[in-house]
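When the chains are written out, they are named A, B, C and D in that same order, and each has its own residue count from 1.
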């Protein structure tokens, strides 16, 4: 950490600052520049510590030298994490497609969706039993009933199933019913939820908050890792910007950067970024080319009957076409599209 | 609702769309323009319904005519809500200051803070027992121990106490211990938490998510109202923008607009917006002038010893000065600064 | 255009509004909904007209049905524009790479850069003679001297040359010296410059302003087309968002959407988006996969000696590697990487 | 400047970097931390220099210690600049209102506007002769004819007149016809225009670009100062964010920060920020309370007939009311509303 001292700081204040650094167990090395005095601070620094020194009146600026995460960092962990979901591996040279409807709506709908996916070779089905909805007047999901239907799907079709969990109280039961859990964008910084998910044995997809920086995104993964869950998959799903021609702005630079800074797999959700079907194929291909390990994409046997996110759900024939278009791009970047 | 149909839509598709509108219980009135066919849809429309029609292939655009919230809307409720917290009224001509440290850190710290506030005439103390922290390595709050200390403060000093609640499981106990609950910016769209808070009898301060639109902000209040809690106070606390000279960009247009669109009180948190002390006084005065009903401001008996948000906590003498500066501005806009 | 009238509007005001619509030559059709009166307005509407009706006190909302651009619109022009630069065609199935240093710095530097490009098969060299610099203390470009050096490069190597123009007074001379002109992001809405460029015969690359919406971007192209220059190439180069891990956030959804809404070619500048070399290869591959027609990329024979944008300039061997990596991705999406 | 070196950098690379720092005339002091080597660089650093060192492969991060502007900086110039426009002083304890229509539309309109302003005591009239318009199909301003009308207004009414200049070629004539020049938000980084305005004797209002950081805003002022014009007035006018309930988000933190970092006056344009009349009064009062030196506000004798920005133009009676509401707020913060 580096502390820049305000010009015209008195000797006494400076001494007090230096003493304070020592008090908290760190080691200050003073350096007098031409326009500012700068103090190097040696020792382990937390966000707390940084904030503390920012608060001192004679301090102009505090600069962290080392990033605040450790467990997620490639610098500290040279291996590449491969997350196992059933017999599927995420993070190696396979390119994974997780597809399905936005929500579990009914037994017939979810079975029909599963058949559609099975036929196209998709191995993991997504579908939300719990739904975060902007309006209290909208469909709120089937809840535990939905989880049971997902379990039934798995038993009947052999598909692996993935679902979102929102409420800390639902974590244990969801972990029991499905293969892969998801933290939605709105809950990326719901720390109690992250802590609870840290304790379960199922892997977790962590979606980026719509206005989360990469740093905050990695810190949220750090929570999961710190609380005991090593199987974390990042999911870039678009960020909120001034542009409103689409629902969100897909940030593929994040994919490349996360692969560089961390050892965890990264997938992309083009559906929530686009918010409408037509942009999903080009964005999906771009995600592959940017280095993503997989896709999380919405597809519905009958989008016009969907109870949520209908406009961004692919028709069965569109999903088929999407997969066909992804194959050569995967190969062009040395990946293999995993379909059975 | 208005539906704009894509050019070159076939007669059959159009008929199917019209039939579909009728099927869901709405009433379509077709209107053929020069470049587009437009359908007026009469009847009650939910976000769900809007999304459904957006998903139909021949639909170019869907425009909502009426806003999606009702309980929070001034259009539907001509009264102005005044929220009572003990003997304090928020939303009338009084201007309220809620001040205090970021966190409850220890009995001596919180008592000292309470004495400072009492001396300056502040009637409600803020202090978080539960802390949402970006890093798992930082101080996470005292939890229920903190709630107990807040109760002790109230008993000893007569101050009203306010605290944040993050975990659905903590709602009932927090509601028992404090006078006023707070939903933090990161939890504005934590719908399970909002539902739980809908059920309690204590008023709730709802902070704006750092990237929440005004519409989403009102919809979050709508959740609280819909689930039974009529005592909701909006809190504008800055939004995330490209500008990084301060922690967040305080959006005072939101204050003026919320007062116009809804019947609920609006307060402003200049501390989290500014992120550093020096900008708090001008932003606080601006908040008054923009029409806010109160402030939520961080002040600490000894900021340099604070365990969180130290840089944005006012020193006791700065809080004193702030209050003195607010008084004439309150009067200039017809408000009375409530201090006892 | 649709006009939504405020609730509780009097008959007289409504009649006045209707009359006003007729006065400006448009045709109003009134429609009484349950909660609002809505007026359909038939006839040609400009931004002006829209703004005018928004200003009327009894108007709540104005909704445009048809987009405000015509010449750039694919709806009105079913062909696909292919822009010719010398013997290179942009907008067909070829994928074009325009590469080179940020600035023209000296004869030896620019000749060395040209040799590097020639060797790698690049056909168009970029290099700025005029430089928009955030600081008045930085290198401001060689000006007309730089244009002359570019002409020399072309004469000597056969490379086509591209440069930015900033000042209206420089347009004619720049158009004379180079093959392809560029409007920088900061000047996307410099309308006098666009008008001047509308008059010249050379094709123009129009870079997206860092906070320009897609709609504004297309309107800027509309200026060029309207003032007489039909050879316009869009260049997506990243937008400004809250994320500061990279210089800008590359928005590849824009590429897909521009290809859909307009008939003009779209290229991508990954260098300014990334701001550092390491992200350029994945973002470039993603641009191809998203459907771009080409790249505008910074490369320097010796980046560490560059006078501007050094950190985002590729080393010669990095450019070589980039091109090799692009080839299979181009083929995977049915394009051919144009190198000679 | 501080340079953080990447981990695992070889001795040779480090030596080369150190030598390079010396070569460009700076003085490196090496400092070996626990996780990184850090180099302090003493001597005068430009943006150029910073960028250069960022480009070196073994460099992880470069941190500037001192801000990049000098002439605009309060640190280097302890006085407070007061800009004289005729007999009006901007930047002292007077609060100035510059009001008028968006554009000069005709002699009768501008004269009527002038009469309105005169009657209310406003001393400076704003009105654009040159208009930057998003659409080429909209009203583009009267040009030099407009300037002549402004001169006529001044001769007839004694009002001081202010107008925007967009094209470098119009600077000398505009400077001759009006008392105060304005750089619009779209041209804040039109450096050729800034250079031209540096040479004239008339004061300049510099509007903040819709996505300009405070730092870029100050650097644009630095251009004007550097090129010879000392009479620069900042104008905060809202920034582009994700929020679209209003045209732009007014950033009053910028006002407070600019007053702290620079010695130049700061005014606020609430009209372009709000984009609709109703938010202008609260935002104007907030601007006063935040410490602004004046307002730039749109008002029209007959907004419904205005050719541009009609929805955000105040009616005469609204301007009257606004001024009445500002008076007590000015007094509450120790300012005097200047009206004659």
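In this text, a residue touches a chain if its C-beta (ideal position, glycine included) is under 8 Å from a C-beta of that chain, and two chains touch if they have at least 3 such contacts.
Nothing here was measured: the structure is a model prediction, and the numbers come from that model.
If you take the chains that touch chain B and keep only those that also touch chain C, what is left?
Chains in contact with chain B as well as chain C: A, D.
Report the chain whose CA-based centre is farthest from the CA-based centre of chain C.
The most remote chain is B.
Hey, how far is the Cα centre of chain B from the one of chain D, in Å?
Between these chains, centre-to-centre, one finds 31 Å.
Between chain A and chain B, tell me the centre distance in angstrom, where each centre is the average of that chain's C-alpha atoms.
26
Going by the touch rule set out above, which residues of chain D reach two or more other chains?
Residue numbers touching two or more other chains: 211, 240-242, 244.
What kind of graph do the touching chains make: line, ring, star, complete, other?
Graph shape, chains as nodes and touching pairs as edges: complete.
Name, in rising order, each residue of chain B that touches chain A in their complex.
The contact residues of chain B facing chain A are 20, 46-48, 51-52, 54-56, 68-69, 132-139, 166-169, 186-187, 189-192, 210-211, 216, 219, 222-223, 226-227, 240, 276, 303-304, 306-311, 313.
Which part of chain A faces chain D closely enough to touch in the complex?
2, 4, 7, 29, 31, 33-36, 38, 40, 42-43, 61, 63, 65-66, 75, 211, 240-242, 244
Which of the residues in chain C come into contact with chain A in the complex?
211, 213-215, 239, 241-246, 249-257, 260, 273-274, 278-279, 282-283, 285-291, 328-329, 331-333
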